[in-house]
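What follows is a set of notes on a single structure, which appears directly below.
Residue numbering begins at 1 within each chain, and the chains themselves are lettered A, B, C, D, E and F in the order written.
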Amino acid sequence: MRLSRLLRNKIEFSHLKDGKLHMVDITHKMKSIRYAAAQGKISMSRQCFDEIKKTTSGIESSYLKKGDIFSVATVAGIQAAKMTPSLIPLCHQINLTHIELDFELNEDDCAVSIRSECKCSESTGVEMEALTAVSVAALTVYDMCKAIDKNMVISDIKLIQKTK
Amino acid sequence: MRLSRLLRNKIEFSHLKDGKLHMVDITHKMKSIRYAAAQGKISMSRQCFDEIKKTTSGIESSYLKKGDIFSVATVAGIQAAKMTPSLIPLCHQINLTHIELDFELNEDDCAVSIRSECKCSESTGVEMEALTAVSVAALTVYDMCKAIDKNMVISDIKLIQKTK
Amino acid sequence: MRLSRLLRNKIEFSHLKDGKLHMVDITHKMKSIRYAAAQGKISMSRQCFDEIKKTTSGIESSYLKKGDIFSVATVAGIQAAKMTPSLIPLCHQINLTHIELDFELNEDDCAVSIRSECKCSESTGVEMEALTAVSVAALTVYDMCKAIDKNMVISDIKLIQKTK
Amino acid sequence: MRLSRLLRNKIEFSHLKDGKLHMVDITHKMKSIRYAAAQGKISMSRQCFDEIKKTTSGIESSYLKKGDIFSVATVAGIQAAKMTPSLIPLCHQINLTHIELDFELNEDDCAVSIRSECKCSESTGVEMEALTAVSVAALTVYDMCKAIDKNMVISDIKLIQKTK
Amino acid sequence: MRLSRLLRNKIEFSHLKDGKLHMVDITHKMKSIRYAAAQGKISMSRQCFDEIKKTTSGIESSYLKKGDIFSVATVAGIQAAKMTPSLIPLCHQINLTHIELDFELNEDDCAVSIRSECKCSESTGVEMEALTAVSVAALTVYDMCKAIDKNMVISDIKLIQKTK
Amino acid sequence: MRLSRLLRNKIEFSHLKDGKLHMVDITHKMKSIRYAAAQGKISMSRQCFDEIKKTTSGIESSYLKKGDIFSVATVAGIQAAKMTPSLIPLCHQINLTHIELDFELNEDDCAVSIRSECKCSESTGVEMEALTAVSVAALTVYDMCKAIDKNMVISDIKLIQKTK
């Protein structure tokens, strides 16, 4: 039933026109304010989690300067959001007007939750930018902590809100 | 006890020296053949999964030319692996000698599994390159299919093998 | 006579003002919909041409998965169009709203014809983007086929239409 | 007969392994000095050609500062050669040790000939780098002169020498 | 007293919101024509200065083709201005509508003065673009001349005008 | 006398061969460990300096989270060092094996001193990488603080050590 609805509504893989790859034509779409929020998390060992926690709770860590991991991951996420059209082949070039990342320590499952928000005033949505920001921020946390834990897992990357 | 072992073994967050951010000094490390494999998956609705499946099993899809989604995602993953030092701030610049991506349709959980392999002959490992390839390939699958399903979830991104 | 007309009409090399290199000032030009189409071709040996042909006509090739060469070249052309201001020093930064590439097999002269179309809604034309897309797509076909034929020739790259 | 030789010699499209796109594994190839030279040309109207000629022969042009067009095109070609792995999806990352471009005015056919040379000491050839340098240098000449002539044609881009 | 004024006026480090790094939200700021000019200089030995001077005054240099150093530095400065959001982490992406660089020989203090101007029609200023253009142009002069003088000093990089 | 010594020693602008721009041929130069250190400073108002000082001395700032400015500037400097061959047209591509940045508060002249170190094991020096790291780190400090002080001046950027 869902399939028949699909067929009736002519929903299609957007990057293919008559079966041919292309960057979708948005020339005649009106510009409007676009917003998207995405999230994801990176799970790690208790030991690794505890070291990260020290850096954010003001307890002295022998290993980490306060805030550095999340500062670096924030910068990486922001820069990645701007690079989205270079990374995702069929994404349009857009000038983002806002990028923000948040990190939260989840004690119970030894994980860092990452949340991003992107905005622009363009003719196409910014969900890929928000998802890319979260993904690269998570990879950066992995890179910063991999000397302690190589078995971290990045998961639950998804779009949580999209408005225009 | 694990913490004390950590202290004894002087395992440290590698990108911080005396609490200061830096790109780790690998000047005197010997070059050797480095290999890393990573994996991840993107889960989606049955409808979206079935459309992708048609494109790979030779059944005619109204929506997709054969192989395109995975060709585009392969190219995106390969290009992203090469861009890793631009994306992950403290990663070293390395010249990869091999990049490969595999996609597998998991019927039971309506997901596409993605696996990457990277190699180089350098003084540092390639796990970040392999993880980045998988992440960006998954984001590209998301981008190609988002007109059908906006609730896809990218998860289980992890290192599965690393040798030198 | 043509020269005198030039002088009278004050047509000038646009990137030089009083003999000084600069990126032309388009601050006060109105934004409008810009379109450009470009084409080019890559000529090759009969053997190489025949292998490519198999991949597009549904005949099984021992060498090539269906569609891959043109999928990869399409992605390369689209990404190159977006990178035009990084490649061509005095080009303006523009956000393209559409990029499309077409490939055609020319049996008679053993060549692949490539055609690109670009659009934007900006203050400057997109001919350089369309020409860059064709050039890089042709180079990508060369790269994909060079194990079979190293004597391929890229030619006839030109603007075929420009409107605003 | 050529085809059967191909089959016997197992020459294959190099970027496909068992029909799957990948970046060819060169991990175990020895590094050696690689050299490639490529050429191409851009043909134009007599008027446009004459303006360029003035800039290089020391005659005062009202339109162009001496040497600028070829200085800009040289820089563009050099930068493009370095960017080749970002442009051509399956190209390996290599560190070029030499890049050089030459421009020659061909009076008879109103064309600028462009020649490039690239060198490296790596495990893979540099023909794509040399071809890319020529292509982008030609596009830059087009861009610098397009206010005078929009009908320029870029052609005869080919590899002229390759050694290791 | 200046501090109390600061506190009263709630002037703040703009890239931090409640102490958190982010790319400032300019979604609701009106687009307007923005202009910024910056300057800087590179000081060098008399010998190095004299060699550069020959290249610009029409006297034959054994070392330098006329105009090349400033052509290359102009191109580098223009390209760097366009790359500003990739270089300065929290800068917004903007499409510049004009970039211009000027070089002046200061006989008295053996220095090359560099001046840049940038314009756009966006929601944020272009001072970082102008400052980046000057900085990278100065670095390029350093690179071109370092075989003669390794003790050059880049200084006095500052914003000289900003309007909207 | 210095000039005659120059002529005798055949010291030349390195990027020009017979008056032609090129990327210097280093194919036959031996690889060795290269080190360069550079420095520079950014001067500012007392008010701006005091706000930055709070962030590093543990005193609570209303404006800045601890360490953020220098974390962001460190990341920017490291990323810029890696991007040097994209920024400085005739620079060779090298894979840096170490990048480090230091920031020091100079109370007396209200300035932040920036020092960088780069290393590689290649056939060419890394002074341009070290100078670029300092320049972009200084620009990033400017960007982070410009809401408080627009009259900051970047100066004294120079090479302080180079060994191989």
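Here, a residue touches a chain if its C-beta (ideal position, glycine included) is under 8 Å from a C-beta of that chain, and two chains touch if they have at least 3 such contacts.
Remember, it's a predicted structure, so these values are computed and weren't measured experimentally.
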**Prompt:** Within the chain touch network, how many edges lie on the shortest path between subunit B and subunit D?
**Reply:** 1
**Request:** Count the residue numbers both subunit C and subunit E use at their shared interface, divide by all numbers used there, and answer same if that is over half, different if under half.
**Result:** different
**Asked** Which of these pairs, B-D, C-D or A-F, matches B-F in more than half of the residue pairs in contact?
**Response** B-D
**Prompt:** Expressed in ° and rounded to a multiple of 5, what is the rotation angle of the C-alpha superposition of subunit C on subunit D?
**Reply:** 180
**Asked** For subunit B, which other chain has the most distant CA centre?
**Response** E
**Prompt:** For subunit A and subunit B, what's the span in angstrom between their mean Cα positions?
**Reply:** 15
**Item:** Centre-to-centre distance between subunit C and subunit A (centres being mean Cα positions), rounded to whole Å
**Value:** 32
**Message:** I'd like to verify one number: the distance from the centre of subunit C to the centre of subunit F, where each centre is the average of its C-alpha atoms, in whole angstrom.
**Reply:** 37
**Item:** Overlap residues in subunit C, where contacts from two or more other chains coincide
**Value:** 20-21, 65, 68, 71-72, 75-76, 79, 83, 86, 89-90, 94-95
**Message:** Following the definition at the start, I'd like every touching pair of chains, please.
**Reply:** A-B, A-C, A-E, A-F, B-C, B-D, B-F, C-D, C-E, D-E, D-F, E-F
**Prompt:** Where on subunit B is subunit C touching in the complex?
**Reply:** 65-68, 71-72, 75-76, 79
**Sites on subunit A touched by subunit C in the complex** = 17, 20-27, 85-86, 89-90, 92-95, 122-123
**Touching residues on subunit A, where the partner in the complex is subunit E** = 33, 71, 74-75, 78-79, 82-83, 94-102, 119-121
**For the subunit B and subunit A complex, residues of the former touching the latter** = 2-3, 6-7, 11-16, 19-21, 40, 45-47, 50-51, 62-65, 68-69, 72, 75-76, 79-80, 83, 86-91, 127-128, 131-132, 135-136, 138-140, 142-148, 150-159, 162
